[in-house]
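Pasting the structures here.
You will see two complexes here that share chain A, one where it goes with chain B and one where it goes with chain C.
Presenting the complex of A and B:
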């Protein structure tokens, strides 16, 4: 068991981390907004943690606070991401559908180029030697794992709350929601901010985990990867991004014995999954449950 | 004093001037019908009152207050609810969730629960289907749900956009008897209809809208026997 964790610890933690990033896309999607801004906030959060962890100015803090500096980094990353999300979200969420997606891609690019050219972010080289929270890669499950649990619980509660109902009403019919007295702009910005804060915190947890941080952390490729997680996993419930993020981030590793052809297989899996599971993996699992209920009469509720 | 007053209202729909210089008054307790051909500006007028469309000129006064510049949610809070054209129930959500959403601007939990059971008394068919997703309801049931949902915000003024659209005659009669009941219980109603005759039979006063302007107005009884109106709108 210890051997297994030693060898696969990095992958397992990465799966949880990617599931969290997939969830950061899921909140805007709950109210029908396709935002691809997550990598930007993820990169931002990582820089916040890397900067607090390395520059001279914070040295006395690091010495006196010890490990407590890490939760403070997460908090700072969350607050800064949330603040920026409000600033970006209010104008950007006037756009709909593909235009919002494009605007958020532009946001990610702008942030990337800015970080590439600033001195404090280490320019093209990035920031090296970000202090570690744990000695082994595997131990980082103790930061990402509880966050995932927390977000699952939060999503579960959100889904059944007043705010969650407003999100879903906006996703289905923004005009009807507006006519019912739900302010669509307010809730769309809120969903965007929730996603951004999550991505920022995950970034701040990832900088110590990866030991180094640079502008390649927040790219257009990442936007597409996270989108694939949600689409393949399913966007109708919180289980979709969870399953999609975990499975798709593990797939290239599982297929590693196939050498170069693994990329082809990886592509095939994405194509077939989107054709045969239009509601995503989570939707397909739900259908399977209905199917067995119908055919076998298992778990049928009394009418 | 009028509950709702539109003064010289002009609304653009994109580049098209959909409503020009419209004057309209609704008194408390009335059922007022707005009839007119397709594209005459009926739905535009309703959407302007709900503040879903920008007013270009003129003013909307509700309950003695100018509401022309308010946001849609503020208008719902003040007591105007709209049941939109084509019903627009949230198809993937349950009947119960749709009703809850109708009461979104309210915070009194006990009152909401109370009103839901009142709606189920008024529309027993909705109670039988309360856990079903709204998309699985028949057209008539969806229309009932749309009306019940609008009533959940406890409006002083209920605006119904084409409640008879695409429904069978028997169902239409049921819907209109419910509208009459709601009015008898004290809700003021603004009714937009293409089914002019039926709407006039169920309302106190009627406005006839033509190409964005009011061409006739008067008591529904009188207009029903007016030859010109009869000829133009009632196929007589």
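Presenting the complex of A and C:
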């Protein structure tokens, strides 16, 4: 078991991390907003942690606070991401559908180019030697794991709360929701900010995990990867991003025996999954459950 | 800024801008028919450049399955450019059949078309890497024939450099734009295309084969993408399988600036962004890559319908 964790610890933690990033995209999608901004906030959060962890200015803090500095980094990353999300979100969320997606792509690219050129972010080279929280890769499950549990609990509660119902009402019909007294802009910005804060915190946890941070962390490719997680996993329940994030981030590793052609296969998987599983893995599992329920006549079928 | 610098920037901007324009038209055509953005367009751009390289030069490097292979096809460059772009157009048709049509017939969420086209992009880019490796390929400097690579002009005591490649790129783009404008406005197929873009159901009731028009659109889109890829490749080299990604994203900025689905808009947007990039002061040249996206962001906030697009009507 220890051997297994030693060898696969990095992959397992990465799977949890990617599932969290998939969830950061799921919240805006809950109210029908396709935002691809997560990699931007993820990169931002990582820079916050990497900067606090390395520059001279924070050295006395690091010495006196010890490991407590890490939760403070997460907090700082969450606050900064949330603040920026409000600034970007209020104007951008007036746009719908593909326009919002394009605006968030632009946001990610602008942030990337800025980080590539600023001195404090280490330019093209990035920031090296970010202090580690744990000695082994696997141990980082103790930061990402509880966060995932927390987010799953949060999503479960959110789904059944007033806010969650408002999200879904906006997703189904924004004008009707507006007429019912739900303020669409407020809830859309809220969903966007929740996703941004989550992505920022995950970034802040990831900088120590990866030890180094650079502008390549937040790219268009990442936007698409997270979108694929959610859509392949299933965008209608919180299990979708969880399953999609874990399975798709493990896929290139599972396909490793295929060597160089594995990324080609990965591409085909995306194409066929979107054609044959339009409701995602979670939807397909739901269908299977309904099917067995009907056949066996036990349990309660879900719509 | 001196007159010479101004002229130099103007020249550089118009040349690259015209490539942005024909590349972005590939997005626009598909968007105007299907209302979706084909995220594999950047990959087709890359593929077109590799096709032409294979036909015209055909010398492969030390990586990938085809390492060390030399195809001495001796095809003249102009013909290679044409065949390469046609092949890219055919890949566009294949893409439509593989990634878009199955989703359309199933009435799937349009977001899924994003994922499936990206899946195809992933396949194309990695297949290129698998076959010929990630190295840089450059076209020989005399690819356009035995002409001087550049000319110098004196303007008010300072020199302006006109690269032959720039002039050829601009000329090719203008020919293609004129041709495309003619096809769309004056031919039967172009009229049918406009009708389908306006309303698919009505068009099919009028006896237009919507499916055929969609195929033609994807062929034209792929052709334009592949052509743009080759033109950029002859000017700056083919910087590996991922070199289309940046252009793919900038193309999005171009079509949004011009107005989604607007053909003249894509041309105008391309030229504007090309010029804006060229006029970035040298001290800030590192931020050049962000110019297109700054435009995209601002246009979306100020005028989401773009420069020449129709304003969006909120339907209940």
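Throughout what follows, the second predicted complex is superposed on the first by the 299 of 303 C-alpha atoms of A that agree within 3 Å, B and C clash if a C-alpha of one lies under 4 Å from a C-alpha of the other, contacts with A are read in each partner's own complex, and residues count from 1 in each chain.
In the analysis below, contacts are C-beta pairs under 8 Å (C-beta built on N, C-alpha and C of every residue); 3 or more make two chains touch, one makes a residue touch a chain.
Just so we're clear, the structure is a prediction, and the values are computed from it rather than from any experiment.
Q: Taking the superposition as given, does A:252 touch the first partner, chain B, the second, chain C, both, or neither?
A: It touches nothing on chain B or chain C.
Q: Once the shared chain is lined up, is A:169 touching chain B (first), chain C (second), both, or neither of them?
A: first
Q: Could you say whether A:105 touches chain B, chain C, both of them, or neither, answering first, second, both or neither?
A: Second partner only, chain C.
Q: Between chain B (first) and chain C (second), which, if any, makes contact with A:129: first, second, both or neither?
A: neither
Q: For the overlaid complexes, name the partner, chain B or chain C, with more touching residues on chain A.
A: In the superposed model, C touches more residues of chain A.
Q: Applying the document's definition of touch, where does A:183 land relative to chain B and chain C: first, second, both, or neither?
A: Touch status of A:183: first partner only.
Q: After the superposition on A, what does A:268 contact: first (chain B), second (chain C), both or neither?
A: The second partner, chain C, only.
Q: Please work out whether A:145 is in contact with chain B alone, chain C alone, both, or neither, and reply first, second, both or neither.
A: neither
Q: Mind sorting out which residues of chain A both chain B and chain C touch, each in its own complex?
A: Of chain A, residues 175 contact chain B in one complex and chain C in the other.
Q: Okay, in this complex, where on chain A does chain C touch?
A: Result: residues 34, 91-92, 94-95, 98-99, 101-103, 105-107, 109-110, 113-114, 116-117, 175, 220-221, 224, 227-228, 231-232, 235, 260-261, 263-264, 266-271, 273-275, 278 of chain A touch chain C.
Q: Give the list of chain A residues in touch with chain B in this complex.
A: Touching chain B from chain A are residues 162, 165-166, 168-169, 172-173, 175-183.
Q: In the complex formed with chain A, which residues of chain C make contact?
A: Listed in rising order, the residues of chain C that touch chain A are 36-37, 39, 98-99, 102-103, 106, 108-109, 111-116, 118-124, 126-127, 129-130, 245, 249, 252-253, 256, 260, 286-287, 289-290, 293-294, 296-297, 300-301, 304, 314, 316.
Q: Please name which positions on chain B make contact with chain A in the complex.
A: 50, 52, 71-73, 75-77, 82, 84, 88, 90-93, 97, 100-102, 104-105, 149, 153
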